[in-house]
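Inspection log for the structure reproduced underneath, given as structure tokens.
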Amino acid sequence: MATPLRREDVAKVAKLARLSLSDEELDMFTEQLGQILEHANDIAALQLDDVVATAHPFGLINVMREDVLEPCLSRDDVLAMAPDSEDGRFAVPRIMGEAP
Amino acid sequence: MTLPDGWEMVVGLEVHTELKTTTKMFCGCANVFGAEPNTRVCAVCLGLPGSLPVLNVRAVELAMAIGSAVHSTISPSTFHRKNYFYPDMPKDFQISQYDLPINVGGYVDLPDGSRVSIERAHLEEDTGKSTHLGASGRIHGAERSLVDYNRSGVPLVEIVSGPDIRSSAQARLYASELRGILIATGASDGRMEEGSMRIDANVSVRHANEPFGTRCEIKNLNSLRSLGRAIDFEALRQIDLLNAGGVVRQETRHWDETLGATSTMRTKEEAEDYRYFREPDLVDLAPDLAWQERVRDGLGPMPAERRAALAARLNEPTSTQLDALQVVVDLGFDVLVAAALDADVDAGLVLARAANELAADAENIHSLTTDAFITTLLMEQNGELSATQAKTVLLELLAHGGDPRAIANAKGFEQLSADSLGDVVAALIQANPDEWSRFREGDEKLAQFFIGQVMKVTKGQANGKAVIAELNSRR
Amino acid sequence: MKSAIDIANDVRTGATTAVAEAERSLAAIRSRNEELNVFVHVDDEGALETAQRVDAQIARGEDPGALAGVPLALKDNLCHVGKLTTAGSRILEGWRSPYSATVVNLVLKAGAVPMGKTNMDEFAMGSSTETSYYGPTRNPLDPARVPGGSSGGSAAAVAADMTPIALGSDTGGSIRQPAALCGLVGVKPTYGLVSRFGLIAFASSLDQIGPFAKNVTDAALLLEVIAGHDPRDSTSLPEGAPSLVAGVDAGVAGKRIGLVRELLEGADDDVVAAVGRAREVLTEAGATVVDLSIPECRLGLSAYYLIAPAEASSNLARFDGVRYGLRVDADDVAAMNEATRTLGFGAEVKRRIMLGTYALSAGYYDAYYGQALKVRTQMINAFHRAYDQVDLLLGATAPSVAFKFGEKTSNPLAMYLSDVFTIPTNLAGDAAISVPFGRGEGDLPIGVQLLGPGRSEAQLFAAARVLEVEQTS
């Protein structure tokens, strides 16, 4: 049985998901998510050690495509969607830190 | 480099190699280096809403080829999502293999007789590329960054070695051997300078026979030289820290080539929670035995075997020649070199020209016929061309093809006749009496002095061997 | 309102034109869209252009296809090249897709005329279409009530006679439940029968696109057009499209049907009574209806509300302000991502992203997500066992008729319970259909649900048709 959801858990999860929450939202989501997780405890409590997890309803395997070129999108169309672009590239504010 | 008394380094490498497919891993965009930014992108590799990945069969085949070449077991595998936010990753997750990789286990034998084990070699997709704008052009202090997604979704195989490496020299040897293997499988062009092969190193130190110490992962190793320097720096840093009574923190460190130092990028506490889970848009991969066999049968001999075959044709090869052999084999010049040896070209000469002039312009090797290569080397060997002239002819052959004799003629590369060489040497002996008498007394080093002088006077048109013969005849 | 089949026939024979049908549809949209908020983007120009192309084909003596000149509504999570595609979210406000979903290409190839994009719960997360950034959609049968969700706009478009057919998507009941609440036929096809390429993902392992129609035959016709293998979707079933329309009148004689106790638990009395009458009708038509229990269904809701948010948390990460859609500026890229997502997503989407992120995070994965995947296995096995005994299953689609606005918005769990009867089919990857049968509170329609194993759509249509015939005779 999992431990009850705490406010700091919600704060941590929000940060991971790149969402910022006001204090009131933090309270509200902690309560609501807590209720949902409490409901989910009916399955968290089950003894299912011998059961295999299913990620896909049907067991398809080896679905692949040939290594053949297909048309790309035009750069103009692609960059027209961009909130900001420069020099043929997507522009973003400064990046703090290297990719993990 | 030797570590302080009693200390030993423990190193494992993660080598990422881009696969030489025609298209990307999950879409039909071209997998090419150096195209105009964002011209090789589509809904899938830009992560547009609603797009779905479909696995490239050739990427799987090349991953299997790599696995076969490093003696892995090809296994049923799955794809996972590695979730983290980063602007060069269009979906903000990377599709990668996690607990069930396509290649499990294996090893690479190194030329020094050691063996490095392979833990796994799995498939994953590459990210886009960011350029940082601002004074420094580096990530720190940049005002803003620009992102190009041409590289996004390029197939990669990550080859993870066991913690079996004990010196920076061995790490370099392993990386270099693995690079040769990757090239031999046709999976990769092994170009570290273009980023098609990238290395992370896990480094820890310990007193011999004690349990492993805490490791740090070093990122951004873009050449064999950086790899060696970074490992040595990091091992010494950890030893100094421990000797001073400190502890090594598990962290990711960044190698700065200019400073020659590693620095903290991220501590273990700051590490992302990647929330790995099965990629629901892809199905399981389970290559059948027949397919595995076809891939294995399609592999040619690996570099070690090919080096041995060529080395067997050399008489007591020097270490320079052995190094040259490695280059020759990695670049796939085996047939060319063997043909030149068959034509009785001096082995030292063949290896030197192949590992230097040909290697420098390896991309154009197709312009050079075996006949033209052999003819050029024989002209040099027979004294018809000086070394400088022979090199010029080879470079011209690589650039434009053609007939070596015609090129030599067109460039006015007529070897000095014996008579005129004799005149030049006689004049130099007269002008340099001291050197000449020391040479006569047996100071062989002065031969080089006279060759240099002759070359100067003849603008490189003389053959070094002919000069020595001329000098000796007058001794 | 004419059926899709009749319109297509009339267009093909020249009794009407595609342009006339499109204009009729536009007039219907204009007359009630302001009141009901059904379409978020009405594509007048595009629709008339497409209709003209269809008429030109007819003029050239070509057959435009099975949906010749039939006006059609697209849920706004289906990409259509050059058209606004917002998935009910502010974060995609103004975004035009540069490519089309496979289903959109297929309906166009069959001669259908897309009229625009219909409102939906934001990113298909909801059961009432109240979470849309573009405001709620009203139920055409009673504008004080919700149309259900998340495909509430597509359901309302058909219920309000704006279009005879519409496409929606069903992740946990998002076609069947609004179909029930709006008195329509709605189908959740077998997972992999219809390509998901171009469907803005909510939960990839559960999402399926399916049809809404006023009658069983039109639903079968639309599903026949959109079904089939697609090399752009790795989870697409390898077999070809099934023949569906031809067998709608095959009946249920000799079929065994299981009435599932758990698919009635907690349902209102009027709903339970309707399912009871459906049992009688099916029996009279020659089926043997037996009582069955599938206790695993009780665990469906919990498993679903871990699996779907987990996948969604990852699927929705890409809405980060970098490449398309909304951006809220900030000093550095991480702050920009956060500001963009905070403004761009509504509360329900945030709730589910956080729930999913939590379920996948280190230390909780095994207890929640991992455990939910195992429950999914048990659900699949339980349905396999049931289908060893019977051909089809019977139950309610939704616990009640259409509810009033705001009734469940303050309590997410209560809202989630509206999907309790539909979720098991998504977890199992099987097929199910909701067919209107009887009326309940406020003379509002009730939906009866028929469930079948993978690729049993033809049988489901035949059984639903038996109920439909009884209903309309």
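When the chains are written out, they are named A, B and C in that same order, and each has its own residue count from 1.
The definition used in the following text is that a residue touches a chain if its C-beta (ideal position, glycine included) is under 8 Å from a C-beta of that chain, and two chains touch if they have at least 3 such contacts.
This is a predicted model, so every value here is computed, not measured.
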| item | value |
| --- | --- |
| Chain whose Cα centroid lies at the greatest distance from that of chain A | B |
| Chain at the geometric heart of the assembly (C-alpha centres) | A |
| Pair of chains joined by more contacts [C-beta pairs], B-C or A-C | A-C |
| For chain A paired with chain B, centre-to-centre distance based on mean C-alpha positions, whole Å | 38 |
| Inter-centroid spacing, chain C versus chain A (mean Cα positions, whole Å) | 23 |
| Chain B and chain C, separation of their C-alpha mean positions in angstrom | 54 |
| Touching two or more other chains - residues of chain B | 42-43, 46, 54-55, 85, 87, 145, 147, 273, 275, 280, 282-283 |
| Contacts with 2+ other chains: residues of chain C | 95, 98-99, 205, 231, 234-235, 313, 317, 320, 322-324, 333-334, 337, 357, 361 |
| Numbers and ranges of chain A residues touching at least 2 other chains | 16, 18, 55-56, 60, 63, 65, 73, 78, 90, 92-95 |
| List of chain A residues in touch with chain B within their complex | 16, 18, 55-56, 59-73, 75, 78-79, 86-95, 97-100 |
| Of chain C, residues touching chain A in the complex | 95-96, 98-99, 191-192, 205, 231, 234-235, 237-238, 298-299, 301-303, 305-306, 313, 317, 320-327, 329-339, 341-342, 345, 350-351, 353-355, 357-358, 361, 364, 367-368, 370-378, 380, 412-413, 416, 427-430, 454 |
| Interfacial residue positions of chain B with respect to chain A in the complex | 21-23, 27-30, 36-43, 46, 54-60, 78, 84-89, 127, 130-132, 134, 139, 142-149, 219-220, 252, 254, 265-266, 271-275, 278, 280, 282-287 |
| Residue ranges of chain C touching chain B (in the complex, touch as defined) | 77-79, 85, 87, 92, 95, 97-99, 101, 196-201, 203-205, 231-235, 310-311, 313-314, 317-320, 322-324, 333-334, 337, 357, 360-362, 365, 369 |
| Residue ranges of chain B touching chain C (in the complex, touch as defined) | 42-43, 46-55, 81, 83, 85, 87, 90-93, 145, 147, 273, 275-277, 280-283 |
